[in-house]
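Chain IDs A, B, C, D and E follow the sequence of writing; residue 1 opens each chain.
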Amino acid sequence: MPEVTTGWYLVLGAALFIIGGVGLLVRRNPLVMLMCVELMLNGVNLSFVAFSRALGDIGGQTVVFFVLVVAAAEVVVGLGLVVAILRRRPGATADDLASLKG
Amino acid sequence: MDVLAATEGASSFPLLNYLIAIPAVGAIVVALLPKSRSDLARPVGAMFAAAAGAMSLYLMVSFDAADPGFQFESLQSWIPDLGISWHVGVDGISLWLVVLTGLITPIVLLGVDPHHDPKPYTAWLLMLQAGSFGAFVSLDLFLFFVMFEIVLVPMYMLIGGWGYDDRRYAATKFFLYTMAGSGLMLVAIVSVAVLSSGGGHDLTFDVVALAERQALTTTTARWCFAAFALAFVIKVPVVPVHTWLPDAHTQAPTAGSVVLAAVMLKLGTYGLLRFGLYLFPEASVWLGPTLVTLGVIGVIYGAIVATMQKDLKRLVAYSSVAHMGFIVLGLFAFTPESIGGGVLQMVNHGLSTGALFLLVGMIYERRKTRQIAELKGLQTAAPRFAAVFTVVMLSSIGVPGLNGFVGEFLILIGSFHTRRWWTVIAATGVILAALYLLWAYQRVFHGEPTAEDTATPDIHLREVLVLAPFLAGIVFLGIYPKPLLERIEPAVDRLIGHVEAHSDYQRPDPAAPVMVEHHDSGDEHHDSGDEHHDSGDEHHDSGDEHGEGE
Amino acid sequence: MSVVAQAFTAPSVDWWALTPQMVLLGAALALLLVTSMSPRSVPRWFGTATTAVAGTVTVVLGLMLWSDVREQGPSSTLAGAFGVDGFSLFFTVLVGVALVAVGLLAHAYIEREGLDGPEFHALLMAASAGAIVMASANDLIVLFLGLESLSIALYVLIAMHARRSEARESAMKYFVLGAFSSAFLLYGIALVYGATGSTNLAHARDYLEQHLFESEQLLLAGMALLMVGLAFKVAAAPFHFWAPDVYQGAPSPVTGYMASVAKAAGFAALLRIFFAAFGSYDVQWTPIVAGLAAVTLVVGSVMAVLQNDVKRMLAFSSIGHAGYVLLGVQAANDEGTAAALFYLFAYTLMVIGSFAIVGIMGWSDGHDISRYGGMGRTRPKLAFAFTVVLLAQAGVPLTSGFVAKFQVIAAAVGVENYLLAGLAMFTAVIGAFMYLRIVMAMYVSDTDDGGPTPTVTWTTGIVVLGAVGFTVAVGVLPQWLVEFSRDAVPVLLLGS
Amino acid sequence: MMDLSVFVVSAAVCLVGALGVVLARNPVHSALMLVMTLFGIAVLFVAQEAHFLAAVQVIVYAGAIVVLFLFVIMLLGVDRAQSLELDAMPIQKWAAVVFGAGSLVVVVALARAVDHPVTGEAAVGGAIDGTTPDVRLLARSLFSDYVYAFELTSLLLVVAVIGAVVLARKPKRVEQ
Amino acid sequence: MLELVWLIPALPLLGFVALLIGGRRLGEPRAGWLATAASAGSFGATLVVFAGLLGLDAHGDRAFTQVLFEWLPVGSLEVEAGFLVDSLSITMGLFVTGVGTLIHLYSIGYMHGDPRFSKFFVYLNLFLFSMLMLVFGNNLVVTFLGWEGVGACSYFLISFWHTRDSAATAGKKAFVTNRVGDWGFMVATFLIWTTLGTVTYTEIAASPAMAATTGTAVSLLLLVAAAGKSAQLPLYVWLPDAMEGPTPVSAMVHAATMVTSGVYLLVRMNSVLTDDALLVIAIVGAATALFAALCAVAQHDIKKVLAYSTVSQLGYMFLAIGSGAYVAAIFHMVTHAFFKGLLFLGSGSVIHGMHDEQDMRKMGALRALMPITGLTFIVGWLAIAGVPPFSGFWSKDEILLAAWEQPDIGWLLWLVGLVTALLTAYYMSRQVFLVFFGQQRWDDGVHPHESSWTMTLPLVLLAGASIAGGVINLPLVSDWLFLEHFLEPIFAHPHHFTSGTATKVTLAVIAVGAGAVGIGFAVMVWLKGRVSSERLEPTFLENAMYVDATFARVAGGPGTRAFQATADTDATVVDGAVNGVGWLVQRFGELIRPAQSGLLRNYAIGVAIGAVGLIVWFVTRVAM
């Protein structure tokens, strides 16, 4: 019976981070993209807690609080932006925002 | 040797600083003139330019001909944290370029009408003068680079603002080409300073200190010199990096062309001398054959291409390529005659090519064309103009009695010692020079004039006054160049001594008949022949040695 | 030891050192309060004035603190999370200067576009506080929070002009990519935390200097991810794609702010983390910075050449400038750092000056280069000013841009990275082509009617004058700024 | 044994949720899948004795953030399904997937190769000794080592608040 | 008296400057008189200096050097602006100023009515100045000053009527061709300086001989220089074209003075000429003499005949030098100056009288209408044809003798010289008969008339000199060899004839006989019409064996094409490379531009790729 080591948690965190990252790359819906960012942040949070436990240090857990705050702030502003955009162009996707290029 | 020791001898009055400051201040004053009084711009500007010119003459008069070192030195702290100081001074080499700059700017400023926007025009010209002064007198690499680059801006503006049809392309090309060359030089400048500093304790950009220190390894010095040389040969310009010049010259307004030819091209050759030979004696000797080859190619190639030009101004521009090729040959032949001749030729080229550009400009003023094919028989309509043109042309061809010959001859005779075959080929350039100039002259001035040609007015008094100093210089220097030569020579001598001290080059010892009189004649010529042969071999060996040493 | 038994002692606070941020945040809040509480509508100049005063006070406080640091040496406060050293104060001053300039620029812009003045100014000040935090942070989480404050404020500032679809688009792009890269940065912080046991940079430095790891993977992966996040912020290629679009779409004053403050703050973080904390690992990270510099230089200059929109040109050129600063960073020594700092300060004024003029000349139909045609004749002074800042960016001597370029080249040469120095000079030529194109357009126009002749408000005029004056003054007499930047090399101190 | 099963189940929940977020066509489903992941993570927090954090995770994330997402989805009426296939840039998608898979392989390989990845100094910011409640430890940490960060969240929140207000406000003038 | 040497060139220079400034105001004919006075003054000064030189001890170093100032003092090079008066330079100086003065005088009449009358004298005086610098310079560089100066003046004067394209082209051609010679002069100077360390004549003469190769190289380079200036093969091509200039110019520049400077140079540098080089010089001279004489046979232009004749006679002088008989060369140079100057001036008088008609086929029977011209022309004819006792006989005879005594291929050289003499007699007779005898063939409306006294006086004086010129070096009695004794000291290896009197007399008789044959044949053909002239003017010879035409075709065809190709290369390849860099940058930009697609997710993938790249880099940095 294998022991659940820190490494397991770290790999899981990385997996969440990567899934979130890939999700941001493949999805066009701005809201889903935002969710993917949340996934990435949660992957990081998991890593922080895993480190915190491995090091026997509370600091890693404290950091998660700040990540939560940042995530909240980002979501608030991000959703505000999405609302501002979608209000004028309902159904717009990230791919539709491409007038600035070249 | 020691920077501080050098300052002790400096004159209490920082003449050179004022020399740079006066036109710079003049530029600002002119720029600040109210719009309604822009008619004052040229008189006021000319006043400043002339003041600087007068100062340069004073410099010339009070220059100590016997002193081979730097005079009128001024050393001030500028960016001490980076080892950069405001260090200026003149020696016999830079003196004449300073004087040339000092005199030509007020003349073109007064003599050439910009036709529009006199205010910025004047201001830029003054900036150009200040920058050129700065470049010729700076003894700090950083300061030199600043001046070397800053002159691009006014020239760029002059070409762009007052040039002809294709000025946009020409100005940009001019700027970028020169900048591309100087970019690598900047890297080299920093490298020289940093690598000479011995762990950063005594970082300095002072030319004198660096030249005396000679702290670089052979390989590094060669790389650095190559970068410097690239910047300078572009500026000269040497084939094959010359193509900015015809465009710049052709599109530039007359004043721009004159200053470009007379002053700015000299930054290249002067740079090769001051920052090539002086800073990197060994590397100069090493790369000398390459540069000489390029110079000689320039002489022939420039002449050939000039021959086929359809635009008179372009033709003169290519003739510049050829003439500057001579100078490069002279500089890298390392004999007192050739380098002395090279320095003199810088002045000469400034006078003759400058005057040629003025004349072409005057033709353009009259006819609104520079196409050779559209001009004919002007000598009939404008005989005096043609006469002036002829004199300048002969100077450019290198007819003895006029200045062009003196420089060319000294270069060639000096180079013959060390660069025999190159010299023989370069000398054929004099044939080609006659060919392209005379052919152009024939097409423009000879022949049966058309009605339009006949209506071309002859030279005006104002134009005569503008050209008079050039003509006077052309004749005077052709007959009596001694005042220049005797000031140039000590500095050149010292420079060659410096090269000899830091490389295994030894200047050839011309067989003096006085020395050989006592020998049996049969033996003697044998000896003298061997001697030359030896010196050549020695030279060759030195290169190999270094090649193996690395 | 038992934590429970220990009585809680709050960390000491050096309030004096915190004043710049407090002033900024306080001014932002005060501005919002006054405008929302005021019975009558508050005049527009109030916001501008608040920003200008707050910025000025920040600069003054920064300089006062600077003299303290010079006398008493650097220190850290708030449990070592906040560093008071030359480095942080250098950026405090830089941010303050930029804030004043952008605040003044915003005045005319807000008026012209009919935006919410107080919010704009408040966000500007908050963003500046965030930037100062980034530069002063001795702790990765603090740095992250500063970065987020700055970024989120910028998202909003860009999007504020919601009527313009370009603004919305660029805000969205910046936001999504910003959040994406923040996640990388945060992950990097996590890995570094795992590798060193703390988010404190001073601790990390000491720990890394004292220990040799058997397995460095975690640390190195963390460094890589930190680099990603910060390279994104400074718009180094290949993390630069957002920059041109966002710069182009954002209001010109905000663009100027991004190109100066946001970029400077990114570099401040980069230097603090990599140079100051990970200095012992320079063998690992300097090559990658050099590589980034090379790619950034090439992309910035080459792409700029292709553009026809002046604002976009400057955006790409701004990428190129990041490459030059990276040249100083990759030297990983005091000279290189000082060079990078000098570059940032010089560039700040140049770029704000540039975007000030772009803002004046631009209008809703874009910033095509043809709008600048004949400007040399119709608006000679403005054209001259633009020429100066453009030539400064091209690195022409007697401008601050040259001295800056000189120093970063010197830094690269100092570590014998000649190839990179040569490449930098080559791209400088390509870049110069683009600057000259604008200059040519201004002075050499085929038509004589000229472009638009908008009025220049005095607030904008001051900024342009100041930027030009600074650029030339530093170009001629750079010693003081050289000295300033040399004294501003970061120092990491553990908290007491 | 217990540890393992908890981890495996929670991890599976997390991963399924995460993939669901990415793969669900309907944004509402994505949001719900996100909640699933968040719960899984909360469980894993508990498994690592971060009890307080687990609570906060559920409250803040599931309770606030996801609700906000759903609220916006409903507000804008963008709850229509969106085809994943109708992607303008198929290459982009595959590139992303390949990259992601590759990265994952690298991470797993690294984790297997390295015995002791965590090299940091133990208990710098306050030791978890198993006796002191984590809330107490967190509080101590928050108000000592991280007090500055804590204060800075005010700055962040001010910015967010202003931002939200500004972005949500209707523009004064009509579009030109 | 010797100190006055500076005055010799100074007077024409003064005249030049005065005319340059005030020539137009002075107008015709005063400008001409001023110039003539300057020239005459110069002649006077030369006489004075000559007297001074004679006052020096004939057996000592009869030379005088006057240094005005240091011209080019750099390093070990010391070039002075100085004059050297010795027997050679004074001989040259005397006839240059003498003949020059006469031609000045003649020009006053000849140029009458030309709108640019004063300009002509400006050039003439400048030419005289340059020529005197060439002659009196005490070193190679000052000589070169004069050398190029006369070249430039020649250019001005040939293209004096510059509205005529042919004149302008001829002037240019003269200058450029001369420049080829100048190249030789310069390189020779360099080689001498680097070998001997001096460029001053007296020091060169005092120097030990150079190594054989060097010496030969110097000699051949000097030959190139001389061939350019003195119109030897293959550089002669400019001289026939130079007849586009006014006739006094042809007389002065292209017959009497300038073209002889090559001879002067070689004689001056006699100490460095090696035997090998002398042989080459002799061959070149002989070949040129024969070639030009053949060409002269078929010319129709009155001046072209004289031009080719000049080339031919110069060939004689080179032959003399090549045979070591420097005195003979100088002797012939002097006599040639007299009679060829005379012939040219005579032809000018004819042209003037015929209203600018130069085609001999449209002349005839002018003897009666232009008695003085006719008579003096006949004197010149007899002189050049080698009829005793006219001056030409003596000098030509000496050259033929010297050729005969040439050790290697003397007989061949002599034979060529003899054939040339025959041809010379023939073609000159042909000319005289065509112009002055036979039928009137001129066009209607042409009224030939005798010229004014300013033109005829020089003719008479020169005719006198042509008749009696031989007296300066009569071989009859050793004491009468004034010129030889006078010049002797300047030669490193004085030449002495070794043949016995019998040989000498035999050779002289054969030469006279050849001349008589030539004249006799001409009488039969051109005067009596006994022999048809049809096949005696082959086109091949009329076109000078197409040498010039070939040159022109090469220069105009492949030459121009090569130049144009170079210029095109410059524009396309060299400059194209520069623009190509810009193009490449742009192409590269276009290549990477699609990455800036505007699509958010593309940008994100950029970040992702970058991130993976960075991670891979860093993780692989692990110290293994």
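Methods note: a residue touches a chain if its C-beta (ideal position, glycine included) is under 8 Å from a C-beta of that chain, and two chains touch if they have at least 3 such contacts.
For clarity, every value in this text was computed on a predicted model and none was experimentally measured.
S.K.: With one step meaning two chains touch, work out the least steps from chain A to chain B.
M.R.: Step count on the best path from chain A to chain B: 2.
S.K.: With chain centres set to the mean of the C-alpha atoms, which chain is at the far end from chain D?
M.R.: Relative to chain D, the chain whose C-alpha centre sits farthest away is E.
S.K.: Taking the mean of all protein CA atoms as the centre, name the chain whose own CA mean is closest to it.
M.R.: Most central by this criterion: B.
S.K.: Can you check how far apart chain C and chain D are, centre to centre, with Cα atoms defining each centre and the answer in Å?
M.R.: Using C-alpha averages as centres, the distance is 29 Å.
S.K.: Roughly how far is chain A from chain C, going centre to centre by Cα mean, in whole Å?
M.R.: That gives a centre separation of 26 Å.
S.K.: Approximately how many whole Å separate the CA-defined centres of chain A and chain E?
M.R.: 96
S.K.: Would you kindly tell me how far, in whole Å, the mean C-alpha position of chain D lies from that of chain A?
M.R.: Whole-Å distance between the two chain centres: 5.
S.K.: Indicate the residues of chain E shared as contacts by at least two other chains.
M.R.: Residues 593, 596, 598-602, 604-605, 608-609, 615, 619.
S.K.: For chain D, which residues are shared contacts with two or more other chains?
M.R.: 89, 92, 95-96, 99, 103, 110, 114, 117-118, 120-127, 129, 137, 140, 145-146, 149, 153, 156, 159-160, 163, 166-167
S.K.: Which chain C residues touch at least two other chains?
M.R.: As it turns out, chain C has residues touching two or more other chains at 141, 145, 148, 152, 155-156, 159, 162, 172-173, 176, 180, 193-194, 197-198, 215-217, 221, 244-245, 306, 433.
S.K.: So which chains actually touch one another? I want all the pairs, not just one.
M.R.: A-C, A-D, A-E, B-C, B-E, C-D, C-E, D-E
S.K.: Within the complex, which stretch of chain A touches chain E?
M.R.: These residues of chain A touch chain E: 21, 24-26, 28, 94-95, 97-102.
S.K.: Residue numbers of chain D touching chain A in their complex, please.
M.R.: That would be residues 1, 3-4, 7, 11, 14-15, 18-19, 21-22, 27, 30-31, 34, 37-38, 41, 44-45, 47-50, 52-53, 56-57, 60-61, 64-65, 68-69, 72-73, 75-78, 82, 84, 87-89, 92-93, 95-97, 99-100, 103-104, 107-108, 111, 114, 117-118, 120-129, 134, 137-138, 140-142, 145-146, 149-150, 153, 156-157, 159-161, 163-164, 166-168 of chain D.
S.K.: Show which residues of chain E lie in contact with chain B when the two form their complex.
M.R.: Residues in contact with chain B: 69-77, 81, 116, 119, 141, 144-145, 147-149, 151-152, 155-156, 159, 162-163, 165, 167-169, 171-172, 175-176, 179-180, 182-183, 186-187, 189-191, 193-198, 203, 206-211, 213-215, 563-564, 566-567, 570, 574-575, 577-578.
S.K.: Using the touch definition from the top, list the residues of chain E that touch chain C in their complex.
M.R.: Where chain E meets chain C, its residues are 582, 585-586, 588-590, 592-593, 595-596, 598, 600, 602-604, 606-607, 609-611, 614-615, 617-619, 621-623.
S.K.: List the residues on chain E that touch chain A in their complex, please.
M.R.: Counting only chain E, the residues touching chain A are 593, 596-601, 604-605, 608.
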